[in-house]
Amino acid sequence: MSLTLLNVIVAVVIAIAFAAANAAYLVWAERRGAARIQRRPGPNINGPFGLLQPPLDGIKLMTKQLMIPGGADKILFMVAPVLAMAPAIMSFVTIPFSQGIAAHNMEIGVLMIFAFASMGAMATLFAGWGSRNKYAVMASVRAVSQNVSYEIPMLITAITVVMATGSMDLKTISLAQAGGFWHWNIFPSLHSPLMPISFIIFFICSLAETNRAPFDLGEAESELVAGFHTEYGSMGFGLFFMGEYANIVVGASLTTILFLGGWDCPFGIFPGVWWFLLKIYILIATFIWIRWTFPRTTIYGLLNLSWKILIPISLFNLLLTAGLLKVF
Amino acid sequence: MILETTQQALQALFAGSGPADAAEAGSPRGNGVLTRDYKTHGYHLDAQVAPDQLLAAVTILDQAGFFIESITGVDWIKENQMEVIYDFSRYDFDTCRVVIRTRVPRDQPVVPTISTIYAGANWHERETHDFFGIKFAGHPHLVPLLLPEDADFHPLLKDFKA
Amino acid sequence: MGGYFSEIFYGSKSLLIGMGITFREFFKPTVTVQYPYQTIKMSAKFRGHTELIADEEGKPKCGVCGLCERACPSSCITLGSISVDIEVDGKVKKKKVLSKYELDFTKCSLCGQCVENCSFGALEFSKEYNLASTRKEDFHFNLLKRLEERNA
Amino acid sequence: MSAPIQLRPDETFILNVGPQHPATHGVLRVKMEMDGEYIVKSETVLGYIHRMHEKMGENRTYAQYLPNLSRLDYLGALGYTHGHVLAIERAAGIEVPERAEYIRAITVELNRVASHLFWFGAFVMDLGGFSPLMYAIQDREHILDMLEAVTGARLTYCYYRFGGLYNDVDDDFIEAARRFIPRMRKSLKKYAALVTGNIIFQKRLEGIAPVSAEMCRKYGATGPVARGSGINFDVRKNEPYSVYPEFDFDIPVYHECDSMARYKVRMDEMEQSLRIIEQGLEKLPAGPIMAEKKPKNIKLPVGDFYQAVETARGSFGIRIVSDGDKNAYRLKLRSPTYSNMHLFDEACEGMLIMDALAFMGSLDLVIPEMDR
């Protein structure tokens, strides 16, 4: 009993540390990447390659006063940033990084991650509603409708993968794809010939779920000032920021596990955690690359994309996979 | 082309009051239509109308397809008059700039609004009201535009002292 | 229906083209100047604030005619003069000599009217551009003093 | 994409966009009555950066007023100073040497490209894309370097003088401008692929915020806003001034009336400006840059003078009422964005806020120019 408890505590600590370190250094990576795309150097003063920038930013944010606007709903206002960060960290608990590296393996890992991902929408809503700011309310309403409509195609695509694999356990899903890249779910198989499209849908949905450009309607900094976190400063803002990046890591991890074979090596040699990390960082780099390339979509364009394109295609894919599984 | 037709149309406004006073010798000049040398003055037609003829004159231009350039005022303090100048121009290549001016007494500067004809006159009239205190009768929202909303001074008056 | 799919196709293609462009830009060298560490040389005609030009003896060429003071749109120049006796060809003559040339750079709009109107050719533009201070008084330049400092 | 709005007035709320807001590019305030994301009514509030340039025009001599003109529009300042010197030259009857006029045209067009570039970047940033702004600024930087080498300033130029120029251009400038043109053309291709062709961008602009030609006329909209509504109006062609009749260039006109049309007009205008610069460099005559017969202190004859020029934002007019003194009796500046912005209130009714702010971006606002 006590051993299990200790195990869980250690696992949670490692998960938090991993999430926080990733969140902090992804900010740095994003700033450097954006700068390179725009032919600037980016943060390069503090430390070699500006590597000390994230801790310094953290110190700055932590030493600032946390302001609660007058008339704000204090409880919601304080809860929201925590709610943005916590589910992302919780999701790490069940993600298997490698054969042996997983904080706590669950048979319903996929379900758990989606359950936690849905809580992100609540954080946005609380923040927007609680801060008593018209821009924030508008942004949070946008973000919630966006999250709701993108969860549907995302879940449908995940169900397709789960159906093809026959398990909701992330580890099993990974292991099912082992043995070279041709086994990965991203490539069409007998049972699910439309898998590449599923992968693209899943990728788009994870962009939208994490409120990343071009779907950053909840922030929409040129229209709604700073969106749902307009009124946040200090570490409240910091937590939102870190939550966003932690969510990106979760999204990339999930994409890797569901479609890119988890920790499997493309050529079947030396499978291990390094492959997993390599894959998620390539995906994250693509996230960054996309953000600094495209303008923002409109709210109706975004919803149209989900309801008119992504949901029909993913539903079709689901039905096709279900039928093929029955036939073969 | 449009120059002549507009001139005739504007000229017709003064049909009752004898020939147009094109003499330009007397200052202030009387109401009437003048053609100006475009090369030196930058506009073609210069019509001075009485305030009650203003709407009729602007309607002529509106029907002829002119667009509104600007509205402004001039404070002729020596003559104790205030002048409102309306600039009109055309989008097509039949270049014709028309200036409509009207003079009102300085102590009671009221002219009818033309924002009913040209919606774009709204801001120009508010601006002129800001700067000169000229009132535009019938204007829907004659509150300061460029000056602070509680401004009660008119900085372009010649007797304005900051 | 055909329009539906062709829009998806051409839409995705346009997105990929855009990503291709940013991808190429990523590998191009940076173009920025790291300002406080690197500076650039100002072009020859750059107009900074004005400076007095010295003659051969190091004295300002200025004859205190006051044209610059009058030409200045924002009246940011204040001149002062004293008369001194100088000997020209054995005769003692009174001559106005510049004793004060103050430029209130907070008001200056760098239009160049003073330099243009100067009848002695005694003014030039400096090439100074990194002027920064938190105090307003730092921008009240005493050009005469600056000239002496340059001479020294 | 505007849906019909039928609602009770108690269901709306007032949203204050500005005076500090990322989309207003300065201190502009728009009071919007909102129904959710839809705008029911909007009222623009100006004057946050009003400096009463017109009164300064009455207090200063004509020459002293020169620097003021470049403080109107900080992105395309040369166009405005050009208008001022042309107005004075027209009224005072000063003949300008041909070389000076050519250099004026070249520099004005360079400045127009710079202004459009910055607008392009800022506009795409309004839509949420950040990188194109940086690319645009890189290209604009070349222009600013060139102009700095000639005029001595980067933004608020005071380069034109009555009867000529402050100083002559040198071979370096001509060489730099020649080199710039092909580079800029390459960049324009890049922008077309990166931004204009982008599906997200097109979806955000096409069919959004229609401004009819009739509405333009009623509000006096000029420049790219009018040309995006199918009006073939450009002061450079309609009332040729300076040496523009010597150049072979087209006026891009689009008939879609939407934000995309206004965008495309400006993008095409950059190409046309490059053509003008190219021809100007080709034809640049030798000779003096300053009129020989020019009074030292300019006094205008009694009268009323008007000069319109096409700036990057539209038709800029300057009206000088002179009583024969060395400063103007009345000096009126007709600024193009003032009229262009005016139609925003009417046009944005029933629009979504994000479309309305994109529309505001497509109007190319420079607030100091509007407030004067």
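We just call them A, B, C and D in the order they show up, numbering each chain from 1.
The rule we apply is simple: a contact is a pair of C-beta atoms (placed from the backbone, for glycine too) under 8 Å apart; a residue touches a chain by one contact, two chains touch by 3 or more.
Predicted model, so just to flag it, every value in this text is computed and none were measured.
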Subject >> Chain whose Cα centroid lies at the greatest distance from that of chain B >> reply: A
**OP:** Write down the pair of chains with the top C-beta contact pair count.
**Re:** B-D
Subject >> Centre-of-Cα separation between chain D and chain B, whole angstrom >> reply: 26
**OP:** For chain A and chain D, let me know how many angstrom lie between their CA-based centres, rounded off.
**Re:** 43
Subject >> Distance between the centres, which are taken as Cα means, of chain B and chain A, whole angstrom >> reply: 63
Subject >> Chain centre separation in whole Å, for chain C relative to chain A (CA means) >> reply: 51
Subject >> Where chain C touches two or more other chains at once, by residue number >> reply: 15, 18, 21-22, 25, 31
Subject >> Contacts with two or more other chains, residues of chain D listed in rising order >> reply: 131, 135, 138, 194-195, 198, 200
Original post:
According to the definition of touch, which chains form touching pairs?
Top reply: A-C, A-D, B-D, C-D
Subject >> Interfacial residue positions of chain D with respect to chain C in the complex >> reply: 60, 63-68, 71, 131, 135, 138, 145, 148-153, 156, 158, 161, 166-167, 190, 193-195, 197-200
Subject >> In the complex with chain A, residue positions of chain C that touch it >> reply: 8, 15, 18-19, 21-23, 25-26, 28-32, 34
Original post:
For the complex, which residues does chain C have touching chain D?
Top reply: 7, 10-12, 14-15, 17-18, 21-22, 25, 31, 43-47, 71-73, 109-113, 116, 125
Subject >> chain C partner contacts - residues on chain A that touch it in the complex >> reply: 33, 35-41, 289-290, 292-294, 309
**OP:** Give every residue of chain D touching chain A within the complex, in rising order.
**Re:** 1, 13, 15, 21-23, 34, 36-37, 124-131, 134-135, 138, 194-195, 198, 200-201, 203-204, 352-355, 357
